[in-house]
Every structure is written in C-alpha cells, then in structure tokens.
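In what follows, chain A forms one complex with chain B and a second complex with chain C.
Coming up: the complex of A and B.
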C-alpha cells in the first residue's frame, strides 16, 4: 500500500524535528551569508557606508585586477605542490607503517604520527617563521655553520624563495589524519589480493604501485578534493607568515579577498572575489568527481 | 593479545593524562607580574565605565622589555575616580590592525577612547565613527589652573602646536589629541665610529661614503625594516626633491591648516598634480627619488623584512639603526649594552649629490605618537553627541589626562616619546629629537595620504623593487596604476571639485617658469 507524501512526512516528523536545529544553524551561518555575499557582490559597499548598486562592475574590476594573475599563479603552484605532498608523503608513511610486522609497532607509530595534530596550525606557522626561516633560524644558522654564509637569506622575504619556502612548511608532511585515512584504505585491501599479487611475482614498490595505489584511489580522491578546496580557499599561512609578499609573490586570491574586505573596507568587491573562488572550487570539484576514478569505479569497470 | 591490550591501555592513559596536564590552567610563574590593563570587576557599581585603549601606555606593559612595567595611567585613573566616584576607567589592549578597528567601530563596540593613527581616522570621518574634538579644544580645560596655558582654551596647553594642529582632517575638523611626539633618527655606535675615525655626515655624499667605509670594515652600515624605508625613507627623499619647486606647485593655501602645514600636499593636491604629469614616469624628480632609495639599499642589511635589527645593533654587527625615539628606552636602560651610542638625523641631499636636489635641511617626518580619538561608543547612552552625558565624562577624562602633572606621570614614565604638554620636559636623552621636531614638516606623507589599498600596494612593490624583484620601470608602472586607482577612489568619496585648483594653477604659472625638470604637462 502506497503512502501519501504527507503521511510519510508526518510519520517521519520526529526525524525532521531532530534535523531542524542543525539545518537552521547551517542556514544561518552558511547559506544566508553565501546568499548575502552573492547579493553584495553587485554593490559598491564599504563597511559603515552606504551601498550602491553597480551591477557586475566588481567582477569586471577583478578581471583586470593586477593581483589576479600573480595570485592565481601562486595558488596554482601551492595547490599543485600541496596535492603532490598530500598524496606522496602520507601514503608512503602509511604504507611503511602498514608494512611493519608487529601489531604493537604499527599501533605505536600510528599514535606517534597522530600526536603532532594537537599543535595548532597557527603555532606551526609561527614556529616555521620564527625558528626555521628567520635570519637566525635553523636554515640560515646551518648554512653559516657549514661556511655557506652567502646562501643565507630571508627565506620568506626573498621574492625568489618565498613560495617554495611556504610550500615546505610542515616538512616531512607525515603527520595527522591523512596517514590514518590512507592506512584505513590499505587495511581494507583483502589479504587474498596481496597473496595473488605475490604469486604473480609482484613485490615491493611494484606491488605498491600496481596493487595498493589503485585500491586506495577513493582515499586519494578524497584527499585531492580536500586539498584543492583548502588550496583555493586557504590563506591563513600566507597571512601569518608573509601577508602575501614580498610584492605579490606569495599572494593568493583568498588573502586578497580578506584584505579588501577588512583592510580596504571594500566589502562588495571582496564578495565578488569570494563568489569567483566559489565557482572555481565548484568547477574543480565537479571535474574531480567526474573524471578522477575511485577504486570502486575501477572495480566496476572491470 | 593481552599484552597488546595492556600496551594500548597504558599508552592511551598516558596520552590522556599528558593532555589533561598540558591543558590544565596553571598559576603564573611570576606571582609578582603585574596585570596588563585595568578591568572593572563590578560594572553595576558605576554609572560610567569608560574603556580606554591607550596603546603604548597600557598599564602593565614593559616597553622594549626593559625597566619596570608601566603604571602611570593607573595612577591618573585613580585620581580621576576620586573626583568622579561614579566612574571607572578601564584600560584595554587592542589589536593594532585595521580589521579589528573597522569591525568594532561599525558595531559600535570600540573602546570610548582609542589610540589610532589619525590618518586612518580621516578615511572614515564621513561615517560618524569618531567625535570631532574642536569644540572641546577651543574651550577651557577645567582641570588646568587659571592663568596657565590651556585655561582659556585647551589648545594652548599643547607644546608642539604645528604638528598637533596639523593633525586636523582634510574636512577641517580635529579628531585626535596628540599626547606626545615621536621622531626618527639614525642611532649609531660611537665606538665603531671612533675606531674607524668616522663622524656623523654633513650631507648625503658624505653619508654614502661613510656607509661604504663601514661596509668595507665588515659592518652592516644601516639597519632598518622595509616598513621604515617605505614610510620614512620615501617621505624624506621625496621632500628633498620637491621642496624647491613648492612655490610653483603648492596649490591649496588652507587658512587654518596651512599656517601649520606650509606647503603640505594633501590628497586633493596630489590628485590635481597627477593630472599635470607629476608622480609619473614623465616626472624626473619622481623617478629620481625612487632611484636614490634603491642606490641606498645596498648599505642596508640583507634581510629588511624579518631580521632582528635591534639584536644586530646591540651585538655590534650593525653600525647604525634607523628607528624611532622609542629606541632610546632600550638603549639607555639596557644594563648589558657595552658601547656608547649617539643619534643623528639624515643629512641633506645637495645639488652635488643630485642636480634636482637643493640641499635643504631634512624635514620632520615624525610627529604625534599616541593619538587619542573618541569613538561613537562614547555617546552610546543617547546616540547623540549633543545630549550625551557619557560623552562629557569621557571628554573630562581626556582633559584630566592632558594636564602637565598627569602627562608627566604617563609620558615620562619611560624614555620613548616627548610630552606634548607645556611645562613638561622630556628626558634629556630625548632632547635631540626635540630639536628635530622644530624643523619644517614634510611635503607629504605618502603612506598616510591615500587609502589602505594604496599603502598596501606601494609597500609591497617598493619592497620588491628594493629587493631586486622588479625593475624601476615595472615599479613605476605599478605605482602609476596604484596612484590612479587611489585618486579615483578619493575623488569619488570626497567629491572633489578641481576647478579652483586649475585657477590657482594658472596663477602660479610665473613661479614655475624658471623651474627645471618639470613634467611636460606642467609648463
């Protein structure tokens, strides 16, 4: 017997009631600001001032903004390096841990690699900025120690090194939940697959590339999406360490959006940048979902 | 399996205990450490709780990490509260960033009295966020004895009249009280100078030669942050190139401001002069002054962004440090400093140094240090400045603070700034800056004239240019776009009418007739 839609809703009313507060909060803090930002992007609007309708002028201005190309170039480089780092180092580390024969050792290493996530990201940035890259930091002092004074520099203030110096923050990039995600993927591969591969003569790196990597593609896909979103949206590191400088050599669109909103008080323009970034993230995510196959897709294809 | 479980349990328990220990709030390691700020613990008891963000003078702070924690403002607040028992004065520390300021002011939650660069205030005067202080400054300060300066009109108590009055906004109103003064200088290591038989230079040619000798001797000749070069360096070199042609290009003669800021370029003048080809690639003076800065760059430390300049100076790796008068507090009070130091001001750029310079004495680029503004929070009781009793009390505290006795307590508690109240002498170590402040004021202050967007781009691109990241040509392109954008914004915001400027420009044509190297459009 088929129930009417109304009956279904009434029957599930308790569930809707339970979900309602969460949805209301999401709407207030995520959806409404998004709609507001979208609307504000069509106004010349200063904090504390009057808003004037200017149509798509903010978008037009952003397309000719002198920071557009350098900031998107920096964002692309940083995101690309970030994606490579997110795939290579945690996956390699997870594989090394997974390959340990002792269950105790695996457990201990998992905990040890997880502990550093208790250090706040801001603190990590400040440690790198103050203790590693500063004039009397680890890198320069090491260079002085080995008689390479000429190679010392302000790593974060030199136009040629700043982007790569920022990319290296977090080295050796083997901590946090990324390892656990890959570890869980590796653990879900049935033993029979490994045994079959061994029988076929695949061992070591070859087995890792041909068996493990394809079977953790779902995890890789997730990490890639999250890294791309973080790369396009994120600017905290730049804000703390370089403020996008020197010049615009480490500027990213998110940081320029922030400066426009709160330093220059150009809230409408900042909203236009935000909408622009949203469209890019959406497009990249769709491309990723559509064309980057997960392990399930690969298995289904077989 | 059992041992594994035990191991897991043990490690988890360890992590748990460690986390609790790490997060547990602990007592201060120094029980005698004074509290920073001053907080009202029982606001219900007071009719007025006035919040003050005094910046540098926040009680409990220890400027430059030497001496004792500041207590001066606490003493003044206690004395004020004896006069007004229904009032409590809170002192708070606030972030020195514009983001914070803008959000707090727009929400009406900023402190009642706030230390902020008044040039930042000028950007927002049309929004009603700040109180114009002219009616109070033109009236007697009731806390000053009759017959003393300030008893007829409060204005008269301020020592550095020109600079204080020069802080009036371009709308003609005064939004800040200049509590004290600051100036910059080259702090130098007298021991190193003696060892190399060097003397403070008389002109820029000598200055460059001196720096070369220091460099050859293995010292970093000049220590300075890029921010100082962008702010102070740009204004000083700009003035050296443009001071001579002011009679032919200084368009506006504001009867009130001009007597204190003779020849100063405001944003409207810069916007007009830009239309005549100044401040472009076609302006030889403009191009030359950036080149002078770049040529000077080789004597600065390699890293002008993040190096610890003070450390390099006190460890005698650097021979000179370009910094503000607040550095005196560190150098004069540091017991570990084992060399003699002095201070001199940048020497003039003569015609021998550059044909477009005239050798005029270097101008003042400092000025008001702590600038106290009154915000829209001060009249939140009625929302109307005319009827607000709270605003009267806030102003009473400002007037009470700016009396000779109280300014002496607050400003002279450390050796950083010069008191801006008559009858209060500065520390003798700061007297060299007092002499500098008597000079004429700079032709303009680029980093405070336009909006933050302009400043941000200028700072970034000059940093890049000085560090060989871009060529002069590229830098000038950036600056031209930056200035044009800033001018568009300011013309739109302030609705500037350039017709009177054009008329005055024509009148000044004879004065420009004999001037060399003007842009082609400026003839």
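Coming up: the complex of A and C.
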C-alpha cells in the first residue's frame, strides 16, 4: 500500500516540480518572517546588537505603553468611519450608475470613476496634506472666500480635527475599484427580482434597502473585511501626513510599531506590537467568517 | 418612458457633481503646477499668468498688433546680476521670444521635477514589469496545476497557499526587513522584486485557479488524447482562454507595485534604487518641496505611466472584475 502511494507521488512529480517555485518563494519571504515575528517578540533586539531573551516583557511593556489607549481609540474611530464610508458612498454611486437607462452612459461613468486610481497613493496623501489641508490650502482658502475666516485652521495640526481630516481624505470616496465590485454585484441580480418587487409596490429607496442591499451582501462583506483589516494595520497615511501628531492625537498602533523598529531600533518590541495586531486581525476575521453569512448562505437558508 | 427620462436627468446631475468633487483636487494640482510660488501665495484660486499672457499675445499676434506685447523678461546682463524678478522693467519683446520665454517659465516645474523623477520612474517601471511577469507566470502555472491535476496533497497544498492570505503585512514588515538585511539584499532591485512576487502570487493563484476551474474539461481531455503535455495544454489552451483574468492579475500587480511606498522606503536608502512612491515622499521632505509647482508637476508626472496603462488595460480589466471574481 505504502509503495503505491509513493508511486503516485513519483508519477506526479512534474506537478510538484511545477508548484515548487511558489512554495520556495512563500517559504523564504512569507513563512520565515511570519515565524521570525513571533520569535523576535520575546527578545530585546537592536540591529547590530546582541539579542537577549526577555520572555513576555515586550508584551507587558506594550500593555502599559502610553500610546496604547490613544492609538487604539484612533484606530477604532478611523476604521469605523472607514467602514461606513466604504459601504455608503461607493455602493450609492454604483446604484446610481446602474439605474441609468443608457448602457453607454453606464460604461462611461464606470471608466470616469476609475480614472483617479492612476494617481499614486503617496501622491494623493501629499496632495491632501500639502494642497487641501495646508494653511493656505483649498479648504481654508474656500472658507476665506466665502467670508468664514474664523473657521480656518490647520486641519492636520489641530488636535480636534486631525482624525476627521484624515478620515475625509479621498472625499467623496467614489473612485476606484470598489464601485466596479458593487456594480458587478448589482448587475448579477436577476431582473425577475426587480419586477417582483415592483409588483409588490416597493419603489425607490425602500426597494434599494430591501432588494439590492441584501443581494449584494457578499460584496459588502468583502469590502467590510478588507476595510477593517486595512484599518487595523494601516498607518501609511498617518506616517506621511502627521507622523502621529499632534501629540498622540493621530497615532495608530502600526505607526508606533514602525517608529519603534526604524526610529528607536527596538526590533523585538516592534515585533510584539505586530503580533498583537495580528491576533486582533485574526480574531476579527474568524468572527466575520463564522457569524456573518454571505448572500449565498442566506439564499440557501430560505 | 417620460418618467424614465426625468429620472435619468436627475441621476446624471448627481453623478456629475460626485465626479466633479472627485476630480477637483486634481484640477487644482494641474492648474497650480503651471503657476509660480508668488502667484499661488498671492491667490490660491487663479489662472496661470503665463498661460494667460501666452493666449493674449497670440491673439495680438494674429491681429498683427505685435507692438502691444510687453513682458518683464530679464536681459542677459540682468540675469548675471540676478536682479529680482519684480524689479525687471516690462519692455517690448518680439512675439517668438516672448512665447518661448513664457513657455519655459510655465513648464519650469515640470522640467525640474522630471530631472528628479526620471531615474525613479525608470526603476519603478523596471520593477513593475519584472514583478508582473513573475506573478503572472508563477501564479498561472501553479493555478493551472492545482486546478487541472489530481495529485496527493492537492487540496491541502492549495489551502496552505490560501492561508498565507491571512498573514497581515503589519506582522511581517519588521521581520521581513530583518530577513532581507540578513540576506544582504538591502539596496538592490532584488528586495523590490522577490518579496512582491512571493506575496503577490497568492491572490493571483486564487484568481487563476478559480477561473481555470470554470474551463470545460472536454477541451483538456481531447488535447490529452492527442498527446499534449503539461506545457502544451498550458500554452495552447489555458492561456489563450484566460486573457481577462491575466489582465486583472497584471493590473492588480502593477497597481500594487506602483503604489508600494513603505517597503521600498525602508529597504533602500541608496537613492539609486528609489521608486516613484518613495521618491515623491523624499521630494516632499527636501528643499524641492518649497517650490509648489515642482511638487505638483511631480504628482502629475508620477501618474502618467499608469494613465497610459489605463488606456490599454481598462476594458479587459473591467470585464474581469465585472465577471464576479470578487466575492467573500
């Protein structure tokens, strides 16, 4: 029996050989860092210095870190706003586009809304930081133009506005691939469903909430997972725009990890923060997979 | 029918305002990239002076009123004495000379930022192409094997690959840096390419396998009867039928590589290996940033390669995404 199993493996050796590059790359550049992250989190380690085993001291230190509460609060607010935004704006826009009667117009709008993705993310951040939120930027100059001088402020340097200013980057949030994904979901709803709803007297917004939203639930779910995961680990925007300031008012855990690793050279501590965030992301993903059913499941349940 | 038309008009106007707001920042970037610092400080909202003058002069020129053309253009001696621009008197200048002077002034930001960005641009395009080829080749071959061949461990190995999607970047950022440092790959092209292929192939394999699963088995059977091997099937059947999904993977990979900022920024301190994203950030941190038009021009220049890609890849990409590959 054992012999024949070996034989099938040998017979299929070409298959293993062909997928070998995939596994070689994954092992070196994904698996090794993954394991290393956990291992390093138990050491005090600086580049060029000796690594000393310190057990769970890094984790203990992080639990009493002064940035812990503010950074998780900021992360929560940013992610929450992000989730709301990613559901409401692209889905609304996709629905509007889908409701047009001309096929050609629908196609053109989809292309037009896709165009902004050609601008690199870093450039978008810098445009918002340097041209829109700056002292004599678009927002403040518009306020001056309409005579609301009192409302002008340094949007990113004011502790009260910085979080919301960061959240509003990309307003009106209707560009990119999100619209296409929602649009694909809307387009896959069979006409008969709409006709049936029409006969039952559902129209306009009510019909949208009762028919469209439940039927694009799997797309909404995908967007929400991606936004939450991105929100927990994202810090690029804050790194470019505010560096966590003023004070810790826009500090997020990922940024603190970055600073510990690459500014303070505390690699072990940074890895511990990374593991901390990984556990949170993993828990959220499992909860999401387990408790939020996709539209297929809902349909099957009926 | 009439009701439908009225509804269309309402939707068009709403969509148009959303589109207007989306594009507004970029309109200002283009506009202000053609204006000098003085102009921007003087008034944030405003049309570029140079362009205004050029149109005015051209109209006068066509009306044969060349003697109206007055321009504050420094002479050679004033240039060597570096007289302040505001102190240069306006004088009569021939049309051609005035136009070439104004053209130079308008495009100053672009010419300067191109000088800075060009090496970064070459690096990024090189890295993007190699990464894209790597992801498409490795991803499609693995996707094809997992989709079309039954061998011991097939499902298990595929699940292992998928499980790598669960590893967040934030966890591996620091140890990946330590790893490439240990491997001696800091400040090289390797560090920009290999980790991106390793990470990018996972989602690619997922997409490829999903698509290949949908190809009719009969095609493969008849080809196999004719004695076609792994490579023949892959090259003559799988790839020609999969242009859409290949386009999607290509676009996703290029977008990801082009937008990747932190990794190149951390791993390459040598200016020789900077990519556009990290280069833009460093421009913003340097002296150059005090010159608005140069920065604005840099944002535009850094978007042009993707705009060109966009023109060619939109159609297959949209078809690919719309075919419903993205669901949870």
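The rule we apply is simple: the second predicted complex is superposed on the first by the 289 of 302 C-alpha atoms of A that agree within 3 Å, B and C clash if a C-alpha of one lies under 4 Å from a C-alpha of the other, contacts with A are read in each partner's own complex, and residues count from 1 in each chain.
By our rule, a residue touches a chain if its C-beta (ideal position, glycine included) is under 8 Å from a C-beta of that chain, and two chains touch if they have at least 3 such contacts.
All values derive from a computational prediction rather than experimental measurement.
**Q** In the overlay, answer first, second, both or neither for which of chain B and chain C A:111 touches.
**A** The answer is both, since A:111 touches chain B and chain C.
**Q** Using the touch definition from the top, say if A:69 reaches chain B (first), chain C (second), both or neither.
**A** So A:69 meets neither chain B nor chain C here.
**Q** So, does A:128 touch the first partner chain B, the second partner chain C, both, or neither?
**A** It touches chain C, and chain B stays clear.
**Q** A:188 contacts which: chain B (first), chain C (second), both, neither?
**A** In the superposed model, A:188 contacts chain C only, not chain B.
**Q** Go through the superposed model and pick first if A:262 touches only chain B, second if only chain C, both, or neither.
**A** The answer is both, since A:262 touches chain B and chain C.
**Q** For A:47, is the partner it touches chain B (first), chain C (second), both, or none of the two (neither)?
**A** In the superposed model, A:47 contacts both chain B and chain C.
**Q** So, does A:247 touch the first partner chain B, the second partner chain C, both, or neither?
**A** Only chain B; A:247 stays clear of chain C.
**Q** Pick one for A:33: touches chain B only (first), chain C only (second), both, or neither.
**A** The answer is second: A:33 touches chain C but not chain B.
**Q** Let me test your reading of the model: by the given contact rule, A:100 touches which partner, first (chain B), second (chain C), both or neither?
**A** second
**Q** Does chain C touch more residues of chain A than chain B does, or is it the other way round?
**A** C
**Q** Residues of chain A that sit at the chain B interface in one complex and at the chain C interface in the other, please.
**A** Of chain A, residues 47, 111, 115, 118, 136, 262 contact chain B in one complex and chain C in the other.
**Q** Can you tell me which positions in chain A touch chain B when the two form their complex?
**A** 47-49, 66, 103-104, 107-108, 111, 115, 118, 129, 133-136, 152-154, 156-160, 244-249, 259-260, 262-266
**Q** For chain C, which residues are in contact with chain A within the complex?
**A** 4-5, 7-8, 11-12, 14-15, 18-19, 21-26, 28-29, 32, 40-41, 44-45, 138-139, 141-142, 145-146, 149, 151-152, 154, 157, 161, 164, 166-179, 181, 194-195, 197-199, 201-202, 205, 230, 255, 258-259, 261-262, 266, 276-278, 280-281, 284, 289, 295-296, 298-299, 302-303, 306-307, 309-310, 314, 318, 321-324, 326-328
**Q** For chain A, which residues are in contact with chain C within the complex?
**A** Counting only chain A, the residues touching chain C are 5, 8-9, 12, 14-16, 18-19, 21-23, 25-26, 28-30, 32-34, 36-37, 40, 47, 93, 96-97, 99-102, 105, 109-123, 126-128, 130-132, 136-138, 141, 145, 171-172, 174-175, 177, 180-181, 183-185, 187-188, 218-219, 221-222, 225, 229, 232-233, 235-236, 239-240, 254, 257-258, 261-262, 267, 270-271, 274-275, 277-278, 281-282, 285, 294.
**Q** In the complex of these two chains, what residues of chain B are touching chain A?
**A** 3-4, 7-8, 11, 15, 19, 98-99, 102-103, 105-106, 123-124, 126-127, 129, 226, 302-308, 311, 451-453, 456-457, 459-461, 463-464, 467-470, 478, 481
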